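The structures considered in this document are given below.
In what comes next, subunit A is part of two complexes: it sits with subunit B in the first one and with subunit C in the second one.
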Partner chain A sequence: MRAERRGSTAALFGSELLTLFRRRRTVALLAALALIPVLIGVAIRLAGDAGSGRGPAFLDQITNNGLFVGVTAIIVAIPLFLPLTIGVVAGDTIAGEASHGTLRYLLIAPAGRLRLLAVKYLSAGVFCLAASLTVVVVGTLVGWALFPIGPVTLLSGSTVSVGEGLLRLLGIAAYVCVSLLGLSAIGLFLSTLTTVPVGAMAATAILAVVAQIIGALPQLDWLHPWLFSEHWLGFADLLRDPVQWASFADNALLQAGYILVFGALACGRFLTKDILS
Partner chain B sequence: MTGFAIETAGLSKRFRAQMAVDGIDLAVPSGSVFGFLGPNGSGKTTTIRMLLGLVAASSGSARVLGTDMPRGVGSVLPRVGALVEGPAFLPFLSGAANLRRFDAADRSAGGRSRPARVADALDRVGLSHAADKKVHAYSLGMKQRLGLANALLVPRDLLVLDEPTNGLDPQGTREVRNLIRSLAGDGTTVFVSSHLLAEVEQICTHVGVMRAGRLVTQGTLDDFRSTGAVSVRLQTPDVADARAVLARLGLTVDAPAGTPARAGGPADATRLVTARLDATPPEAVVAALVAAGVRVRGFEAAHASLEQRFVELTGEGFDVVQ
Partner chain C sequence: MRDQSSRTQNSTASRTFSRWIPAIVAPIVIGVGVILVPMQATAAVDLPDKTPAELVQFAAESPAQPLSGTIEQRSELGLPDLSGLTGALGGAGGDGSSAPAAASSADLEQLLSLALGSHTARVYLDGPNARLQVLDPLAERNVYRNADGVWIYDSAEKAATHITVDQAAVEALKAELQTGHADAGAGAEMPTPEAMLDQALARLDESTAVTVGTDALVAGRAAYELVLTPRDSGTLVGQISVAIDGQTGTALAASVTARGADTPAFSIAFTDVTFAAPDPAVFAFTPPAGTAVTEKPIPVPTAAELQQAKAEAGSGDAGSVDSAAKPVLHGTGWTTVVELPAGALGAPASGPLDTVTQPVDGGRVLTTSLVTVLFTSDGRAFAGAVDVATLQAAASAPAASSGR
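Up next is the complex of A and B:
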């Protein structure tokens, strides 16, 4: 009996993923993210190096080693593009169903409110992974196609093989995915507050920008450790020798805190909400 | 197990200052086809939402299939098929994909039989040909059928259908009627809300009438009709004499049903006189009319139509809900 229950929750999760990734909007969001490394790669290939010190970090490394296209693209995408796509997907989770009227039919199926919320959050999490992987993988492929590939010189000066370089790129994708989970939880909560998905999407994206603005103000130093965006750019520690896992752990802990708080808020709101849509 | 598929006690819902549903005691016998009537805004849909656990009651209780709601949502709802306030689907998915999605949300529905059950439900509502079409391209009537198919994905003990024939053409309406009849024949209790009284009259065994959040009456359809006044309809050219006779017998005669169609019409054209029959036997009325020389060309004594009863209970005109 229990095994069957687990199986059918997997079925709901599977159906949710299928719905999410078959949707044209989701594909368009991922395509837009893929465009970033393509633009960077093509621009540098055509125009050449801009000279060291200008442009985003690692930009001047690309002509030496194509593997840095993915890293550069992630740095470019983190402040706005990635949070924007997460805002669209996480903000749509509950509010989107409500606006289509399908929320009431899911609930009387019955999906179970907690189960539906969990499945919705998990699929938003899968989208976070898909989004960060898209940037890194497309970046690596573009770099491979347009530039020489070789052993990777790390920030601490030592050099690792191409294979390990690729592993560390995957590590960066994982780091970025974890970074976005807190924001997804915020989006999920905002999505339970409204039946207008665009409102929840915009609010989520705006919060991501506000957090980074606060993070840039030294006057608000005391607040910085609590911002979900605090460690967003900390993945550079994965490019040291040996790998500095401390920032990965700090980031994971912070995001877990956000998941807990906003997950609880989302439950508190959604489990007792009158569904009038 | 009580003999009721739905049973509520003092069920109420308050939205801010307004009582949407005000202490209703609904009793829907198992196996009945229960017509849930009432003007727009009388609280029908809010009641249905409370029965299905979508909205929490402000006070009172509801039992569905013998289990308290909303506590029993997980165990009861798999046995309940529902159409609530119109069908709703994701427009970018096909009809079949939408059904598979709702079916996957039901923990008790097996995954292996899903494709077969979806195909079966689509076939039952005549949508097999459009199964793989995006819902975006469906007409209103097709969406309504798909909504019914969703309610029929697994065999149900109770069907809650809110305006099931909304948007359907006459053929579709007929099919839905036949579908409800055949489901009821299999022992499914059907709770159908509607304001199409002709519909209700044809398929329901029981009715309940809502007005401004209150349940003003409920019972079998026959009881409902027979509690209304009996009226007589008389066809005669001798309107003035007939009215005089009827009035002498103590009947409440309705106002003349308008002047003749044309001023120059034949003097002895048949016209209709209607009156409310209270205790007087109809045969006595006919005898008195004939004795008075009134030319009786047609005479009928009948219970008020469902529509008349409905209007008696819920008021007339657009301002029925305060």
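Up next is the complex of A and C:
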């Protein structure tokens, strides 16, 4: 019975992922994210170096080393574009089904609400990974195509091989994915509150922006360690020598806290909700 | 489903409640964790008692340990905006002042922001090798000290400065620095000859009450607390506290609290520390391709020059020395006022200076909770851990006697 249930959970998760990534909207979101490194790469290729100290960090390194396209793209994408796409996907999880009237049918099967919620959250998490990988991988490919590729100069001034540079880029993608998991949990909770998916999407994206505005106000610095966006730019610690794993751990702990709190809230709401559609 | 719930409303209500339990418990668990973990870090510890003299000696005689650790430096000096004064404090936003001509003032800015800013840094020490790795957001500043000299590398500016010093001169400078700083108790990190220690302690006692505070955990290690309280009520400094590791005698934390304040205006402390030799690779530095390298050999001061400098520091009031570049000291102890003659301060600082200073009688003043700096209208600068009135008095006194 239990094995059967696990099998059906996996099947539910699989079909959920298929539905998510087959949607034109998901593909469009990923394509929009892929456009960021393409734009950066092409603009710098055509217009040349912007000069030291201008534009986002690492922008001036791209002409020397194409591997920095991905890093620059992540820096550009993380304040708005990535949270926006996460907001769309996470805000849609439950509210989207409710608005389509398909939530009832999902729950008719002996699936159980908790299981559905978990599967929905996991698929949103997979989208986080897909989104951050898209930016980094497309950035690396664009950089590879347009600029010379060579040993990577780290922030500490030491240089590592291309292979290790690529590994560190993958590490950055993982860091960014973890960074977005807390926001996904918030989106999931907001999605259980409403049957209008746009509301949950907008609320999630707005929260991401609000958190960063609060993070920029020194008057509220007592609040900063609690913001889910606090460590978003901390992935630079993976570009140091030696690598500073402390911020990765801090970030993971913070996001786990958000997943715990908003996951529990989402459970409370979704398990007690009257499903009418 | 609705019919059911209306029939068995009671059990449904309790079931509804039970489903919200995780949502109630999760924040509580996190809250308890957030409160308990720091409590563990500040748990009471008890080290064998030491008198202040024993503690200072213990710290001074302990050999420098190879270590690696994370340092948090927090400064709330009450400065309006230090970044206006020091330029690239944020690290990420370069202001393009990397031209070789401006290198000298840029170096000063770098050192100022390193010394006075708030930041997190990694520290590696192993014998003669040392490295300070300042973890700026999306950037990094590094100070490497190895057999090759001293390298300062700034990733935001992509600039490296290579400072080479004659090793003998370094030793001499170190000795000089120790006598200079003994007043502030900063000699704790460096091994000092016993005679020098006794002398320093005796001199310290004239101006400062030295006590041993409560033992505490710093970076997870039991540490003594050495508290220096100035006896002179004219200074802005209320208290200086240094945490000394109970096992190795290494200084683990230091903080300066302004008179009448509860929280330190400036603090620097290890948040984690490991007493083991770090990987030698962390000390190696070769400037990466595309880096602007400035070579800067430091001229070696002769023994006579050092002797003169020492004599000046010892005599306190060196008003008779007629040197344009040399700072002049007024007063003694905690209320010492340093006078920089006209032209000693670089011109580039004067523009942004206006935004951080306030006009007062006889010039402009920069007030912080610990240090006050007076820039007189005739170009001189007076600084000290005192209030504005003391600085103004110092500014007017020598002008009257020397008839300037």
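Some notes on this structure:
Keep this in mind: the second predicted complex is superposed on the first by the 276 of 277 C-alpha atoms of A that agree within 3 Å, B and C clash if a C-alpha of one lies under 4 Å from a C-alpha of the other, contacts with A are read in each partner's own complex, and residues count from 1 in each chain.
Heads up, the rule we're going with is that a contact is a pair of C-beta atoms (placed from the backbone, for glycine too) under 8 Å apart; a residue touches a chain by one contact, two chains touch by 3 or more.
This structure is a prediction, so every number in the text was calculated from the model and none was measured.
Contacts of A:24 after superposition: subunit B is touched, whereas subunit C is not reached.
Of the two partner chains, subunit B and subunit C are each touched by A:272.
In the overlay built on the shared chain, the residue A:237 is in contact with subunit C alone; subunit B does not reach it.
Of the two partner chains placed around the shared chain by superposition, subunit C is the only one that A:264 touches, whereas subunit B remains out of contact. Judged by the touch definition given at the top, the superposed model places A:158 against subunit C, while subunit B stays out of reach. Of the residues of subunit A, those at positions 272, 274 touch subunit B in one of the two structures and subunit C in the other. In the complex of the two chains, the subunit C residues touching subunit A come out as 1-2, 16, 19-23, 25-27, 29-30, 70, 92-96, 98, 122, 133, 135, 137-140, 142, 153, 155-158, 160, 279, 282, 284-291. Of all residues in subunit A, only 5, 7-9, 11-12, 14-15, 19, 22-24, 100-102, 104-112, 115-116, 272, 274-276 touch subunit B in the complex they form. Residues 49, 52-56, 73-74, 77-78, 80, 82, 84-86, 88-93, 97, 100-111, 150 of subunit B touch subunit A in their complex. Residues 52-53, 57-58, 60, 64, 75, 153, 155-159, 233, 236-237, 240-242, 244, 246, 257, 260-261, 263-265, 267-269, 271-272, 274 of subunit A touch subunit C in their complex.
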